[in-house]
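Structure record follows, encoded as structure tokens.
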């Protein structure tokens, strides 16, 4: 039972990171290697703001929002000066460009924050556990699960219901037509890209008390987020949400039934999934 | 004109490589040997990507299979049959690639194939790190450089720079093989599949079979490169097939230019040159490598080979080059 | 030549073909017409094997090919072009034809190039030259296909198809997007290829009635996924149902 | 924001200077005594590589200030092994090609295994900095290499012994480690030491099978729940670096401090406290290779400690600082005594000399060039009274020689 709750926690943590990744793919059709690095920068920025012991949940969330803004701006800069300049070339050059951006980001983090480990504690209020029907659940787990669900609901609403989402969808499907309809396409793309990258920063801030900060932090989540995004169907936020939960559960069952081979089930599960549903659970989506 | 300049340059570079041990530092010689092997490895990857339109992110796994096969058989005392061992490693790599291709290619292409192969390579790495018989994480060290006998002549590859020259010959042969595959009828047909799979099918081409064959050949050559690498580095570890290894050929190919046959090799040598010339700037390696990659991508979006072709074409015939450069962003594979 | 028997096809919940029955005879030029969305292109795809069908059978040369993939049908003698010309843009016009000839040669077991030879054989190059000449593209042989004009691209695609020496030539809107003068040229070209005595069967869809009436022996009219009429040009012109749903409206507009 | 600008600039300037030098050509030997340092300066191991570099640079500075070696200055030539054996081999061959005969190399075992077979041909002498893997002094033993590091049976066997002595009341131990084979050796050594000592005292102790976590994981809650569920009052934790800190952080909510009477960390020492500050576990043991406060009265240790504080402003240097300092010291001392860079003369000198280093007397076992220094264990934890939120409660030292494994150079230890 605890495995389930914890699987959900892991899943939601991964979803927080994967959401931005899948959106970037939906808008620009690139698998962004630098996403993990942006996540890491978000975490470092937030940690510089709150110090090692945040005073309240609000302080943590506020720091996460600021981190999101910083990373969003960073994302816009990257989009403007790097990705946009090569978007008409070959899509694979986007891949190499994001890889290069990742290297620069990691180097930058090393220079600014150094190599020593940094740690941020859960703020008071979510630093203990609660008893739910006799099951001990850390309240920070609930915080992560809640954050994941909120982010998902907001994203889902924006994409499928709100005007902004429709506009972005129109741009993603047919930029030329959108322009004809009077939508400011460059501004729209910029906002969407900024928003997607900002999600990485937000995730970095929210997950801050969950793990330790080191320049390798980006790698920890990047691969899991890649897997989630692919299993869920590229560009599909709902798919990523479901896939993230599945991933968390698979990993949980792994520790339960195959404790001698930690972390292996995720890969095996992914290979099996891809062979069964080569287009992801909910299919690919252009946003 | 274009071809003459490029050909002359190629010849000069090849000669410089062969003569390297006579004038360069042994570290540079080692790096050059490593680069030759990964250049061939990158070439094998581009055979799949630039010709069949399939992007694998798990090629490092096949490289690893080749390297481990060689390491284990050499440790097992089969040094006498070195050439046979290379063939064996190649065959095993090909067989594994074939098996993966049979299962994976029918169902997934594009990014899904990329992620699938990546997952398989990671699984292989994790598995290798757990097998004590294969040295677990520390791998198999102290691999001997054996004697190679061709008919009557026997060369002791353990001596001096003999293995380096052996690598030169072996890599040249592999490059020639790739060139032949890429430029012959098979390569032409593969290109039609990358350019328009459906159109190719409506010429009566069994696209799935061609892709499978390309996948197998590419895997076999990757494993062959791995098998050549094991006695060169004299140690193999599970990390020999990690994600960095798998992204290596992708970086080299895109840096050099995927649309050119020589692109992956140019990329490999350029990358090594960058790394070597910045080796003393410790601690900011990532920024340097990343910055240079970014610069190349932004300045030469067709890769270095594309930029070179454009430059040579402009020198040769300024007017036509202009028109050509405007008309196509991605140029056909030439040479 | 080709016989369709009660073919059904759906895309999800949308049923686009309802029990199509048709038989195309050897040597004739058979046109499929109908308003946009009538299911012409889908029917094409079912015949060539690009998509499967839920029910019914497709027979080619007396053999049931319903389950056969596209490349096998092509090997058996089908050749098709697409609405939007699909050619290998990065290759030159000549290379486009050469790869098609080589594919055919391999399928038919003709081996004129030794295995070690990299360049295409003399015979292949000569044949490509002939085909390009027939398409009046011989002067553009060395130009990258991407740079050809729209009309030339469609000609080149026809050349790729012809290089496969098909028994039945399937043209999906061969004159779509062409200027009137280009249209005349292509119509002439098709007529010269499929003229009596060539033995070539042609199946085409087309919007331009001038092209249809200039080429077709028999016409099938489709509407909303159903066949509503079939016959000679005169039969179709006289058919009251066709007049109602198709020509009729046009007549009113005119 | 802990970028030390001055240090960064000097590093870069030195780098640019070295770039300009025609290093790729076969250079002739200069006047200075050049020591090649190959360590990990990029990727995941960079943290430790940087410590090693700092320690070595402190040593060079100190030795040169004292007049160098027989009047010649020592020059350190640093290269990155790029976290891979082939990177290490490239660097090694480059430096030997430039005529360097003295080497210090360290962090990862595999990278050392890559260069060890090359020592003979290049005719060089090497000190393996901080290396712990058994293979280096056993199956892969090379007479030209000296291990200035603590083997797993020694420091973790001693660790187990210490725990059996300090906490005889604990009869059940849980163990936790990353899914990495090298860490399995550590766990086994601890278990062996613990059991041997307990049995000697006529008692019994149960050690549970290790709980495994994936290396570089992000969430350890499942494993935490498993371990706490086992009911063992003692825990030996063999996670490394960021993993370990994440673990303690996530485990706190589950009542880590209350559930376990004794918490033992393998070797992360102050990295945990420095990252976690006021949220450090209440009490935590850790092994360390060098702790200045435990070496009071050793002037070298104090000097190195001071130099490090000056360099980085950090009062709690990582143990690699001391070990890497002593590695350079060992080489320099041998060169001074032997009056030559020749390996044939240096090796017997290193074998017999016992220079005073930060770790104490540096002495190698003659048969397999293993090192048997003092073993230091520290207990630290949360302390509200201290400004940084934690302090060191106690230290314990054991003589390493008692725990050093049998010498079997050239073959695997059974």
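Quick notes
In order of appearance the chains are A, B, C and D, and numbering begins at 1 in each one.
Everything that follows uses one rule, which is that a residue touches a chain if its C-beta (ideal position, glycine included) is under 8 Å from a C-beta of that chain, and two chains touch if they have at least 3 such contacts.
Chain by chain, the UniProt names read as follows: A = ABC branched chain amino acid transporter, inner membrane subunit; B = Branched-chain amino acid transport system permease protein; C = Branched-chain amino acid ABC transporter ATPase.
Since we're looking at a predicted model, the values are computed, not measured.
With centres defined by CA atoms alone, the chain at the far end from chain C is D.
Distance between chain centres (mean CA atoms), chain A to chain B: 33 Å.
Centre-to-centre separation between chain C and chain D, using Cα means, comes to 74 Å. Averaged C-alpha coordinates give centres for chain A and chain D that are 36 Å from one another. In this assembly, the C-alpha centroid of chain A lies 48 Å from the C-alpha centroid of chain C. Across the assembly, chain C contributes no residue in contact with two or more other chains.
Chain contacts: chain B has residues 130, 283-286, 330 touching two or more partner chains.
Residue positions of chain D with contacts to 2 or more other chains are 8, 46, 50, 179. Interface note: chains touch in the pairs A-B, A-D, B-C, B-D. By the touch criterion given at the top, residues 31, 82, 85-86, 88-90, 92-93, 95-97, 99-108, 110-111, 223, 226-227, 230, 234, 261, 263-264, 267-268, 270-271, 274-275, 278-280 of chain A touch chain B in their complex. Those residues of chain D lying in contact with chain B across their complex are 8, 11-12, 14-16, 18-19, 23-27, 41-42, 46, 50, 53, 78-80, 82, 84-86, 89-98, 109-110, 113-114, 116-118, 133, 135, 140, 179-182. Contacts from chain C toward chain B in the complex involve residues 48, 50, 69-71, 74-75, 79-80, 82, 86-92, 95, 98-100, 102-104, 106-107, 113, 116-118, 120, 144, 146-147, 160-161, 163-164. Listed in rising order, the residues of chain B touching chain A in the complex are 55, 103-104, 107-108, 111-112, 115-116, 118-120, 122-123, 126, 130, 243, 247, 250-251, 254-255, 258, 283-291, 293-294, 297-298, 301-302, 329-330.
For chain D in complex with chain A, the touching residues are 1-3, 8, 44, 46-47, 50, 179, 211-214, 216-219, 221-223, 225-226, 241-243, 245-246, 249-250, 252-254, 271, 274-279.
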